[in-house]
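Structures given as structure tokens follow.
Two complexes, one shared chain (chain A), two partners (chain B, chain C).
Moving on to the complex of A and B:
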């Protein structure tokens, strides 16, 4: 890998790209082996991983749109990096296709649902716990017609059929990725146009015109993606804040990714004098802020459900309080919020790229744990479990993600050289 | 430091925040002049008279309320929470914009805030005072109001720490204390200016005491800046926490339509939305009464406020739609009914007023032309505030059809409901007008800090 400090282009990336491609394909193939032994585990691992990497792309999409909308100055120096992250969204769309084949293994609202556990129908058993006591009483009192009442859950699912059904789920997922890809490609093209033709009012205006409606579409699609992909894993459970909760994870992860990546570039002496301490400080502040924002969402959901104590809602947390899940639940509260909150507060933690990257990696790991905690209790109802496919699919999808990220990154200057605010951004002071 | 071709350099200004290129002394003259002038604009007297009368009316009606009891309101069972809670949430919400402007925008280095932060903070304090009236009077027996606080007593009676209503007492109490401290800290240098300019002994003594011996020395400024930053840091979570706690008044219950997890952020967005609308209303009024501040609170400022209103209004719209969707998605009949009843039931008129005012009206601010028209801004800001009052009304009126159809009822306000609410507006404007006349409504020190000549690099004396 070489860096041309005149044109700001990274060249000779063949080796890195080959490596990512090989690791990526190997990771995915290895995971595919797992589908033979345990398809449920494969699809749950795959879903967790693909959402993890997609969420970074979504976070980048949000940050770039926000950049245009608020006419930000400081973020000009990282805009191209962010744009190369968001342009992976179309690829993530393709990588999401296996999930659509996995619907029968993942989503219990599906008629052909294959329960991962030994119990007859896990979809029903999830909620049955909540009603278990009630059922016992009914049995004792010798009700003849107990049989007609035993499936209130199926009745409930019937009411949601208009939304929770396989064709509509697939259509919605396609729509989400189409919208994201459309916005991403337009933003990316507009940015490259700036490189070619120079900055102009028309060019800046185009960025703004894509971002303003883009932001509204983004808010709706991300929320519904959260509902579809994760919340509907437990089809009877619902929470209005869930979409915003998913969104908050996206922002946290992209800020973490950007800090790690720019620190890595700094190590290679790329952009070291461009992305300054001041920028790391700001990235760190945003990371800190969005970690709090994430915790605010997570806590709002938890407090209200815990306090009202309605079984059909508390059941979701109940499943995350069984066996090893209890540990993960506490871990998320402590390590996704408390520890980063305390350690990211001091100024020098944010201004030192290496220390910031440490916390960024920490937060990325916790972001994965958060997704895992949201998705996998369905697979392991008796306590936290782990599969080797969690690792292989993370590495596989991650490497493919990085492959496309690098591929695009090395095609164009790594800095938006023609941006009118570039000079101001480079000399930005907090 | 690198420099790039075809790009703005670090020193190049984007747009001046303050128009008319004033000097430091002309800033002081203009802003102090408003308070020092002998003659007061006639509009100020008229407005003060009207709002003073309304405040008197408020006092009288509260007196009657204490005498007669809460039966003079339109309360009934099942609507046992009426306008008092609606007004409380409304007023607390208004306050949020002030804190957002003074604390969060400060931390985000948004320098345009300097023109509006002082009076926005004043607005916060007066709005919280108005809000505080309602929990006090709605208990009916005002003489035991102190029972809201956890005071030791012989009977060993304690407040219920598990009740969100008690959390309110702490949240709003903290909020008021921090906002007042923040506001006052920011005022000190300006009060010292008033002291130094005072022509008579009484004024000199009053401002001398209030400015706490401010000399403007280097060390004092250092401490001041640190205190200001810390208070901004402390106030920032308050912007989120106060209205989140207020939202739990509803959301921790198990009433369909109230118990929904999006309530905390949704209430915060709504609070900022209504608060910014009020800031807009007040800045337009202040600009009309005192035209000399038009160079400080420019059209650019009003346009930015309009953009925040557009953003938060759309966020509120998002929350409405999520609530509606999840109510359907839940499959819960009661949940579904609560929302269908809101949109189509006896209070549908209120629901559609809410949607029109809060979601549709702000959309006009997509257009720059409408963002830069004073009449449009003024009318829209009032519509938004009407809408936000109705939002709380719609939420509270969820009560009118409870689980027992035989007890379903309708809520009709009495003249006392209306009189007390209008009276709280009178009190708010009364206080605000006094503030405009006697204290610097724009922070002189902070305005000077954003003038081009305050920049050490100003005039090409770059230190690079």
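Moving on to the complex of A and C:
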């Protein structure tokens, strides 16, 4: 890898790209082997990983749109990095296709649902269990006899089928990715146009015109993506704040990713004097702020459900309080919020790129744990479980993500050189 | 009793703009003055450094206030709901920390906000009778003028030398601040 300090283009990235592509394909193929042994585990691992990497892209999309809407100055120096993250969204859309094939293994609202656990009618039994844990029906044939009277939960599920059915789920997922890709490609093209033709009011205006309606569409689609992909794993459970909870995770992860990546660039002496400690300070402040925002959302959801104490709602937390899940629940409260909250508070922690990226990696790991804790109790209802496919699919999808990220990054200058606010941004002071 | 004693409490100089003020502040700092201040109608980036100000103690103090407020709130709620006046609410334990969090959070914010305001006011040494108010021209400091004032409490202050120094670094209308002590 070489860096041209005149044109700000990274060249000779062939070696890195080949490595990412090889690791990515190998990781995905290795995960695919798992589909033969345990399809349920494969699809749960795959869903966790693909949502993790998509959430980073979504966070970048939000940050760039926000950048245009508020006419931000400081973020000009990292705008191109963010743009190269968000342009991976179309690729993530393609990588999401296997999840659509996995619907029978993932979502119990599906008619062909194949439950990973022993009880055959998982979706219904999970709530019924909460009412009468002693009267667990062990024989399935007996279950059918008892089931002659109408189960209120089954009825509820029938009513939800107007929304939660396979064709509509696939259509919705396609719509989400189409909207995100459309905004992403238009933002990206507009930015490249600026590189070619120079900054103009028309160019800035175009960015604004994409971002303003884009922000509204983004808010709706991200909320519904959270409902569809993760909340509907337990189709009888509902939480209106869940979409915002998913969104807060997106922002936290992208700020963490940007601080790690720019520190890595700094280590290679790229943009070392352009992304200054003032910028790290601001990235750190946003990271800190959105960690608090995430905790606020997570706690708001928990507090209301805890207070009302209605079985249909508490069952979700009940599942996450069983066996090893209890430990992970506490771990998330402590390590996703309390520890970063205390350690990211001092100014020095945010101004030192290496310390900041340590906490950023910490938060990225915890963001994965958070998604894992949201998704996988569906697979392991009796206590936390772990599969080797969690690792391989994470590395596989991550490498493909990084491959496309690098590929786009090395095609164009790593800095938006023609931006009129660039000089102001470089000399930005907190 | 009607006799007033006049003394020099410091001197003041005027600068053309924020950039000039910043450079002048650096020179005053390098000359070794400690008890001086810059006056401008708006905040100037980098002024803390130019004046040689060290980091403020306010942050840690606010942190301490937040900790005290938060733990005080928890203690108060524990004492009220689990010791002094036990009432079963919705069948939940007496000490339900989940329910206490909003109040804990709010009191932590209240204490830290209070500490931030009171601490700031006490640390910036706000006075009602500051020598600069004896200067007629200083009134424009809240409008469109930039000033540096050096007070006579400074160990290296000397009425003549300081005025000459302020003139040498580009200050205009240098004047001594004559204060009437009653």
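Assume the second predicted complex is superposed on the first by the 412 of 430 C-alpha atoms of A that agree within 3 Å, B and C clash if a C-alpha of one lies under 4 Å from a C-alpha of the other, contacts with A are read in each partner's own complex, and residues count from 1 in each chain.
Methods note: contacts are C-beta pairs under 8 Å (C-beta built on N, C-alpha and C of every residue); 3 or more make two chains touch, one makes a residue touch a chain.
A quick note: this is a predicted structure, and the numbers were derived from the prediction, not measured.
Superposition of the two structures on chain A leads chain B and chain C into a clash. After overlaying the two complexes on the shared chain, residue contacts for A:61 are found with neither chain B nor chain C.
Judged by the touch definition given at the top, the superposed model places A:273 against chain B, while chain C stays out of reach.
In the superposition on chain A, contact of A:238 is made with chain B only, not with chain C. In the overlay built on the shared chain, the residue A:184 is in contact with neither chain B nor chain C. When both complexes are overlaid on chain A, the residue A:216 reaches chain B alone and has no touch with chain C. Put chain B and chain C next to each other and count what each touches on chain A; the higher total goes to B.
In the overlay built on the shared chain, the residue A:417 is in contact with chain B alone; chain C does not reach it.
Stretch 452-460 of chain B is the one among 146-154, 326-334 or 452-460 that clashes with chain C after the shared chain A is superposed. Note: residues 303, 307 of chain A belong to the chain B contact set and to the chain C contact set alike, using the contact criterion stated above. Across the complex, chain B meets chain A through its residues 1-4, 6-10, 12, 109, 240, 244, 248, 251-254, 259-265, 314, 318-319, 322-323, 326, 329-332, 366.
On the chain C side of its complex with chain A, the touching residues are 45-46, 55, 59, 63, 90-92, 98-99, 101-102. Partner chain C is touched in their complex by these residues of chain A: 299, 302-303, 306-307, 309, 345, 347, 429.
Contacts from chain A toward chain B in the complex involve residues 156-157, 159-160, 163, 198-199, 212, 216, 219-220, 223, 227, 236, 238-244, 273-274, 296-297, 300-301, 303-305, 307-308, 310, 312, 417-424, 426-427, 430.
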